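Below you'll find the structure I mean.
Think of it as A, B, C and D in the order they're written, each chain with its own count starting at 1.
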Amino acid sequence: MVEYTRLAVDDLDQFVFGRCPFPLQVGDGLKLGDGTVYPELNFTLPPMQVNAATMDQVRREYTQMVEEACARAVDLQVPGLVVELELLPDLTRQPQWGAEVTAILRTALDKYAASDGLRSALRVTPNDNRDFVRPPLLREGEEWEKMVATFDLCAEAGADLLSIESTGGKEVHDDALLNGDLAGSVFALGVLASRDMAQLWDLIVDVAAKRQVVAAGDSACGFANTAMALADTRHIPKVLAALVRVLSVPRSLVAYERGAVGPGKDCAYENVYLKAITGYPMALEGAEAACAHLSPVGNIAKAVADLWSNESVQNIKLLGAMAPTVSMEQLAYATRLMNEATRAGQATLLRDLFVASDTDKDPQAYVLRPDVALKLGAEILAEPTPYLRTRRAALAGLGALRRGEAEGAFLLRRAESNWLRRLSEQAEQLPEDEGHFIEEMVARVDREKVRLGQYGLDA
Amino acid sequence: MPVLEELRQAVVDGQAKAAVARATQGLEEGIPAEVLLRDGLISAMQEVGRLFEEGEIFVPEMLVSARAMNATLVVLKPLLATEGSEARSEGKVVIGTVQGDLHEIGKNLVAIMLEGSGFEVVDLGTDVSPERFLEAAEAGADVVAMSALLTTTMTNMKAVVEALGRAGLRDKVRIIVGGAPITDRFASEIGADGYAPDASKAVRKVRELLAVKA
Amino acid sequence: MVEYTRLAVDDLDQFVFGRCPFPLQVGDGLKLGDGTVYPELNFTLPPMQVNAATMDQVRREYTQMVEEACARAVDLQVPGLVVELELLPDLTRQPQWGAEVTAILRTALDKYAASDGLRSALRVTPNDNRDFVRPPLLREGEEWEKMVATFDLCAEAGADLLSIESTGGKEVHDDALLNGDLAGSVFALGVLASRDMAQLWDLIVDVAAKRQVVAAGDSACGFANTAMALADTRHIPKVLAALVRVLSVPRSLVAYERGAVGPGKDCAYENVYLKAITGYPMALEGAEAACAHLSPVGNIAKAVADLWSNESVQNIKLLGAMAPTVSMEQLAYATRLMNEATRAGQATLLRDLFVASDTDKDPQAYVLRPDVALKLGAEILAEPTPYLRTRRAALAGLGALRRGEAEGAFLLRRAESNWLRRLSEQAEQLPEDEGHFIEEMVARVDREKVRLGQYGLDA
Amino acid sequence: MPVLEELRQAVVDGQAKAAVARATQGLEEGIPAEVLLRDGLISAMQEVGRLFEEGEIFVPEMLVSARAMNATLVVLKPLLATEGSEARSEGKVVIGTVQGDLHEIGKNLVAIMLEGSGFEVVDLGTDVSPERFLEAAEAGADVVAMSALLTTTMTNMKAVVEALGRAGLRDKVRIIVGGAPITDRFASEIGADGYAPDASKAVRKVRELLAVKA
């Protein structure tokens, strides 16, 4: 296990898009984090069923998406490209189908490399199907076995990078979010999810080693992006969503502790922290991912991105082109600007404009501020275990939010301010002793929703 | 402050113990259970809904208020005439995510908001087959609500609409759909009665559909 | 008639997004060109018919589009917003329908102004239906009368700005483009289109004065954007498309000569020149308009924009939201960045990054370089008439392109280089005497495609 | 250089006068008109197509070559056997933008590319009613090609497909559609045979459809 005890980046001047302490060579000669930000393009099927009868159409859709997007990437002279295939549940459940689609993308990328010198890498992200069983079965059963097979077959079929948006602990976190229950959230992320990820990522790292591909990283999407979406519709407070983002850092770090080396998954906004901690290149997403989800962090997420992603878009026609090709073009321009700034020696200035343009409008942007991330990241690493780090993330994160509000770094509505206070009170109750905390939480979780034994807690 | 107003405030504030105490006190003072229900609990939940709409509170506060209301109902229910008890429900809604879809938090929110607004909710959970939707509808429902977050599962909504049709239930239940890839237009295409882009609008839509039906 | 004989902006340091010599107060207190770049959002119907039977659905679609977009604009705290309604042919042909949709948007904008303080303005752009008659009838007939009525009724129904993408001369220009015929292009733009616009804009300016709204500006869309689209698919040379952009400047300037005061239409990339010439605020579009059309100028078009537009998007669902709302968010972030740069005193630096990121990749970006536009703009203004200005645009534009190629400012494929030479040879043949030129061209245009009498050339 | 090769090169270079002169010379030298057609003109236009595909030339050059070919054909035609003359056409395509749509340049390009590739093209222009498409198809066509640039006119394509169906022509003609809002999927939905995203692909698609038909 890799132990992270201090930040790999602690100088704000070195904390910028396109550059990281440990650049990573992936795929077809792309060097990530070595001075250039590359687009990461993701796409998905239009409304249709996925089954044996429609697989021909599925193949045609993916072929069209990758071909047209690559052609546009060449037209726009992108310096390189990562394509991500987020496998749908049905394409994970039938590992050979997932592998087939992987092979389709592989073939297209190889073709454009040969014909136009387009440098690229292919990330494949199987769907975490384990919660098709309720309560989720994490390490046994058909869904688990199929998912494991999918990693292996897709790596064999041409994936360069393996990722997942793992959901262990989400079965507890969802309720915690809706109840504004900080302890529940800390338990889900700092105990359950972290324990699940340790085992899951050992496996992914093994597959990657066996197939000689890259174990890239995970995303707390089901936790922190769920919170962001709920905050966006005013179902939960923005300060809670901002806090959950910080809480997700120790959880997502587990992938790197077990051997992942980046690039972290696009939708993991906690990657801002993980880049500082690990020094690996990270994918992020924002304004150009509005096709997939609206967000309050469209510009600031660019601040330290090494890959810049559209998150996902269906293969439907917009007036200009099919939607994936439209995304390709938008990512090309967004990354062009960043790379031009680097070339001009103005990367940190552009970074600061990205940051300043969002940060005063939402606490969720505030916690992504590079300086805030460096400070909180260091505090988190001062603790030894995922639980204690998550607890520290809560205490330090709330402290930062309170200071930010006090300094007028952002404005909060009264209802939000109230929640900042209430969450702070809840955080004070988090015990320092992990054993005590687990005992407390085990006593009050809903056993109909979670199998604690799967996390090694029941036995 | 009269006890009725205290009861109402206790529910708004999500103080379950206080609410039960005030309801008990009200009964002792001779206030009919029906009045405590109407002017205490229901009125409180309407206020909670208003506060939510105006951004003064969030879902966590709504849930606490709903729990206070439910705790108080335990005390009142035995004393309510059957009729009054039924009047408590605005209608029965069967809800779930469609087959193949695990994305449940939006669905859960809709369920919470519907319950808070006085509907009886039967939550079938996630990955629900057309057969299970049908079964639940046959057991009695005014509305079937479905959600899908994937372009590859949204098409499963149609199977549910068709199953309800084949079972001769299509005139008896209203069907409402939602989720990231869903639109008004898609709802009409598959023969659903309505679409809502978020949980609050879902409640409004269900109200609207049941008014039309009635 | 307003005579433009010298540049309103001739200092490169003053030629930047969000700022112009003559800021314009429009709509609900928006001051354009006064330091802030605002989003301009445009949207259109999804696939459907427009007729009496579907008008209810049409109303619902527009209501949904404007409501959801405004709500998002408020969430993202945009400083203001221009909404553009480009009327479809059917909504121009039935002026009362166009007015009805205008009123729907007006009502929504007023509502958000009242409830959330959203400042906004509404641009209405009737469709130029005159070429439904072939050859086009420019100043008579039913299409003309309906179009005139549409301007008036929409201004009455709540438009703040009136625009058009007029097509006079396009009936000759299309063939000129496909034949790589420079003289034909110059005739279409410098003679036919310029003559048509003079009359058309006198009328629009009158309507605007009567209804106390703003006569905003025109676009050479049917000429220069057609060329850009043809170049993008390699049907015509990029150098030709770049040149046609410059050729379109004198034509689109005519609107301002007749009394238009901006903001110029989004799709008129010639607005870079028109801003320098007139000093009025201008709309532009690029990366965030990829939904409507791909382009090689996604970043550079931001350099001097005062409004930043998505051009157009259908009301279809993307995963994040309906497509117009997605555009709203993307425009909000793009303009946030620009406005943050202005606040930080770094506007020209950001402008230069936008410029440098595109300019070496395509001659069409090169002619949008602010310094190139200032230089060519001044040369164009040195001539007295639209024809002579268009001729000068050809000579000077080709000179600039040749110099650019020689200096390595951009790279051209061999086939492109050949065309740069051939176009230069053609340009040398353009006579200084407008009478001679018209005589020559009248003798060779296809009379089945154009009614020269409509341009006062036959009589 | 033999005269045949000179003829071919003259057409590739778009030198109409030279092409006519070389063809005349070839006839004088006793080369059969059919050979001049096949190895001179058609071969030249194939080379032009290749150069275009490879980005070596653009549409203007194609048009000049096409004009050189047409000028030469005037000389050759009287000497060609009827059969040979007909073999010159790869098929007959009726083309237009649909009712309500004025955006013609894409349509014009397709027409140009089809003609350059040896198809006979009947261009109905813009804003073409279903009746006019039908009339033209009844007069004899292998392919009907339609374009639309607006979301509000694309739906008019279906009326044309249906009109052809009602007239019993649906088996006799292939239908191809294109334009900014059009997709493969839309083409199938309205019952067209194919979709092409740009002019070059349109030619390929027409070829493909006629091969299938044959």
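The criterion applied here is as follows: contacts are C-beta pairs under 8 Å (C-beta built on N, C-alpha and C of every residue); 3 or more make two chains touch, one makes a residue touch a chain.
The model shown is predicted, which means the values in this text are computed figures rather than measured ones.
Counting hops only between chains that touch, subunit A reaches subunit D in a minimum of 1.
The distance from the centre of subunit A to the centre of subunit C, with each centre set as the mean of the Cα atoms, comes to 40 Å.
Distance from the subunit B centre to the subunit C centre is 51 Å, each centre being the mean of its Cα atoms.
Between the Cα centres of subunit A and subunit B there is a gap of 33 Å.
Mean C-alpha position of subunit B lies 62 Å from that of subunit D.
Residue positions 46, 314, 316, 319-320 of subunit C each touch two or more of the other chains. Multi-chain contact residues of subunit B, defined as those touching 2 or more other chains: 151, 181, 186. If you sketch which chains touch which, the pattern fits none of the simple shapes: not an open path, not a single ring, not a star, and not all-to-all. Pairwise chain contacts in this structure: A-B, A-C, A-D, B-C, C-D. Residues of subunit A that touch subunit D in their complex: 46, 60, 64, 316-317, 319-320, 322. Listing the residues of subunit A that touch subunit C in their complex gives 72, 75-77, 232, 286-294, 296, 298-299, 312-314, 316, 318-321, 323, 325-326, 329-330, 332-334, 336-337, 339-341, 343-344, 346, 349-350, 352-354, 356-358, 361.
Of all residues in subunit B, only 55-61, 63, 100, 102, 104-105, 108-109, 112, 125-127, 150-152, 154-156, 181, 186, 198-199 touch subunit A in the complex they form. Interface of subunit A with subunit B (complex): residues 44-50, 88-90, 131-132, 134, 174, 177-181, 226, 230, 233-237, 314, 413-415, 419.
By the touch rule above, subunit B contacts subunit C in their complex via residues 151, 180-186.
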